[in-house]
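Listed next: structures, encoded as structure tokens.
Here subunit A shows up in two complexes: once beside subunit B, once beside subunit C.
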Partner chain A sequence: MKPSPRARRSAARCVAKYLAIGRTGFATAVAYRGEYLLRSVMLLLILYVFTVLWRTVYAAGGHEVVEGFALRDMIWYLVITESIVFSRPRLAGRIDTEVKAGTLAYTLVRPYSYVMFHYAQTLGEALARGLMSFLVGGALVTLLVGPPAFNFGNVGFFLVALLLGATIDFLLSFAVGLLAFWIEETSPIAFIQDRLLMLLGGMMLPLEIFPAFLRTIAGWLPLGMIIYAPARLLVGANTLRPWTVLATQAMWLVVTGVASTWLFRAGVKRVNVHGG
Partner chain B sequence: MAAVVLDSLSKTFSTRVKGPGLRGSIRSMFRPEYREVQAVQSIDLTVDLGELVAFIGPNGAGKSTTIKMLTGILHPSAGTASVLGVEPWRNREQLAFRIGAVFGQKSQLWYHLPPLDSFDLLAKIYELDQTSYVTRREQLVETFGVRPYLNTAVRKLSLGERMRCELVAALLHRPEVLFLDEPTIGLDVLAKQTIRSTLRELNANEKVTVFLTSHDVGDIEELAKRVVIINHGQVIYDNRVSHLRHMLLRTKIIDLLLAGPGVVPPLPGVTVIKHTNVGIKLEVDTAVQPIREVVAQLLAVNDVVDVSVTDPPLERVIGLIYRQAAPQ
Partner chain C sequence: MAGRRRLLAHFALLRSYQAANLAMAMEYRAAFFAQVFGMILNDSLWLAYWTLFFHRFPVVNGWGRADVLMLWAIIATGFGLAEATFGAWRMLANYIAEGQLDYYLVLPKHPLWHALMSRASPTGWGDLIFGLAVFAIWGQPSPARTGLFVLCALACGLLLLGISIACNSLAFFVGHADALARQVDNAMIHFSTYPGAIFDGAVRVLLFTLIPAGFVNNLPVEVMREGNFGFLAGAWAVASGWVLFGQWIFQLGLRRYESGNLMGPRL
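On to the complex of A and B.
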């Protein structure tokens, strides 16, 4: 069955709606130049310290390549993982506030889906921050260790994996924020989620470097699919199978998607308690 | 045709009750006790297209709960309602295109961005055509006089400036019904007047149905023709604003300006509010004492410079209704 021109037109408008919301997210992220600058300084500091650190480690170990990573790869891996972590908005906290203040209820008066609204906004913000981090960090690292030796054949897979990873991260944080319908304070949970993501998601180290048991634990969690997997497709020995990564991400997408949809449905019924 | 119909609409909240102190907290963790609160009890109401209705009541009377059900935010516990022929909570997104809402206590604009960006984004959200959007925006910007603030971030606007922008935002998509929940709360006299006169014009020119809640008697007097008063979740008054005074108030206020010290003739049904060297203020119960008689006697015995007979302020009338409807 062919879609009628009218249906096609309204679908186009629907897409335009969420694109506009994403653009607003982008604009919000760059609205504060001071914060934007401070983030970049932080990132440069981290990258510089880690470069010095890894130089010493590689020199002391006496190996050119560790687990498929040359020194240069290790630093560029960091540029990508740090850019992903720096790009994340504090979504869980934002949803938590909206639930508690009752503003969630007010956004329901508008003709859009609450989940899609936040998804579009989050992606817009993440794009602004992530791009900036990658450019600033990449420039410094190029000066320190030279240009990247990416697996350029994987760029397409990398971009898809990046988007899927960001979506999994979004759904997880959205679910954590929605817990505010049932518990007083969700920030400890968000804190744990953030730290676990940094440690077991492979922000500082590629998962190969972990001891076996930690690798096993990390393998059972979706966190590696957010940071490690996309970064790894682009940097280091080209041993990751792209389709396996995408399939695993798709599986986690379904799990986190079902969980947060269920929480949202159950939560909206409780809006009355907080909406007063 | 009716714009808004409420048919025995009811909403019951169950809230958790906790005993005092730590013992109460622990007990409620294991054996939670719930208390039912009837926020809205079987309200029947019909608002016609193009009407401007003030929906008032004391705090906790159920006004906001009703508006939230009518905008599709809350599901009712019993009864039903329709807005423009649609059940709000079933077809929330569909109805959202045809209604507008302003909640005085919550901003709906993007806090960090200038209003113009919010308007552009709303045009996309409401799927408006670019040309008709720009025409409409320019018209509203002109009527509400918000052009100077269009490019200032919302967080830097004053409350009055922001509220006018909120109204522009709520009207961009030409809603057929506009829900206003305390739109003038916290505003100065001038800002209130601008908003009231603009709303009156919009209601007259575009036939927008306006459903308004407020604690401000000025909003009711200057805007609405019809007033619905609710208390304890029930409608206790539904009639014209002008009718409020006549029906409930059998009292009149007489204010006299005198050339010298005055005398108040002893009459039944007359209470002295104020008596000074240059004036007398009286309240007359017109059911007991005809106003004509009181004025005649006052003029006969006093050296009167000026006289005025007025109704008591509407605020007192409403206070009277609230108190009369207090629980048994």
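On to the complex of A and C.
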């Protein structure tokens, strides 16, 4: 059955609304690019030191390739993973503040979904920051190890996996922020989430470097689906099977989506609105 | 004699500040312990990273897992000590730019050290606990090794403190120097936490001159493993030199200081 023209128009208006919010997030991040570029000095430092470290490892061990990664692949893998991590807004803290300050109550009566508003804004910001990080980090790494040898046939899968990974990350962070309905301080949980993401998500090391048992565990966790899986589709030999990655991401999307929806509904029931 | 008395008076003040800061932290103990635990967790991430790294590549330019663990024990202890005792060291540029030094100028203690010790950072305690625990578990502590470890950690803490004081004191001359100071601090800490043996050529020269992280990231192998006392003496000389240089810049800049005429309570 075809949707009626009216339903189509309504859907188009809805998409346009959230695209506009996403554009606002993008524009906000770009507006502060000077400050962001100053902070990206840290990204350059990290990438420089990682390059020196891995160059030493490859030279000292006489390795041409380690677990499917030539030196250049390893460094470009790190450019992508670091760019993903540098692109992440502090969403959990934002939600936590809105819950505690009560500003969440105002947005509930506005003509948009609270969840979709944050999703669009987060993606817009992440896109701007991720692009800037990738350009800055990529420029340095091109000078140090040369241009990337990406698996260009996987670019389409990479972009979809990146979007799905960012959505899983959004849902996880959103759920952590919503915990503010029940507990006083969510920042330690957000902190633990960040740190686990950095290690088990494959930001610092590709999962192939892990011992076998840990690799298996990390490979199935949602954390690996946010950073490692998209990056691995694009870089290195013996890449992951794209459809397996997308299917695993879809599974985690459902799990995290159900969990955060349940938390949101349960949390909203606790909102008390007083006049004034 | 007078100099010794002055030094002892500063230590007494530091003790009083530590007691007051701890009492204040205990009023918000959940937040305090969350920050301490958070920092231990943060440092443990790096421990896990290096454990995984050396599991796959056991030796990198003569460095093994034990050396990197020792490096982290030294830098976490040194940094943690500086944070826990002179907690305002990384905010000095803001104090200067915003005219918040007035309070310390009218009191008899040295304004630089008084300002620095007036705050204690809870995260510093996390670093300190982490560093000491790593040394106790993996550092094969014996009386001699413990002595060397303490000397290494103190040299590291002093060096980081000295560089930070010097960079933050630039605020007297250029206004808001906090961003610059933060970048230099970050660079210093970042380079210090990787094995010294991976850097060579011009970068190695840089790490023994402009950003002297080489005096920290070579301590585990040179001093703890090889017993090179000359290197330890060098590290102490450079660290002391940076502290004196930082204090000199501060004194020089203090002549240009303008009060913010800021009125407010000190809690």
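The working rule: the second predicted complex is superposed on the first by the 267 of 276 C-alpha atoms of A that agree within 3 Å, B and C clash if a C-alpha of one lies under 4 Å from a C-alpha of the other, contacts with A are read in each partner's own complex, and residues count from 1 in each chain.
The rule is simple: contacts are C-beta pairs under 8 Å (C-beta built on N, C-alpha and C of every residue); 3 or more make two chains touch, one makes a residue touch a chain.
What you see is a predicted model; the values in this text were computed from it and never measured.
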Does the superposition put A:60 against subunit B (first), subunit C (second), both, or neither?
second
Look at A:106 in the shared chain and tell me whether it touches subunit B only, subunit C only, both, or neither; answer first, second, both or neither.
first
Once chain A of both complexes is superposed, is A:266 in touch with subunit B (first), subunit C (second), both, or neither?
neither
Just to be sure I read the superposition right, which of the two partners does A:251 touch: subunit B = first, subunit C = second, or both, or neither?
neither
First, second, both or neither for A:149, with subunit B first and subunit C second:
neither
Contact footprint of subunit A on subunit B as seen in their complex:
11, 13, 15, 64, 68, 71-75, 92-94, 96-97, 99, 101, 103, 106, 108, 110, 112-113, 117, 120-121, 124-127, 153
Taking the touch rule as given, give the residues of subunit A at its contact with subunit B in the complex, in rising order.
10, 13-14, 16-17, 19-21, 24, 27-28, 31-32, 102-103, 105-106, 108-113, 269, 271-273, 275-276
Residue ranges of subunit A in contact with subunit C within the complex:
38, 41-42, 45-46, 49, 52-53, 56-57, 60-61, 184-185, 187-188, 191-192, 195, 198-199, 204-205, 209-211, 214
Touching residues (chain side subunit C, partner subunit A) in the complex
30-31, 34, 37-38, 41-42, 45, 48-49, 52-53, 55-57, 59-61, 179, 183, 186-187, 190-191, 194-195, 197-199, 203
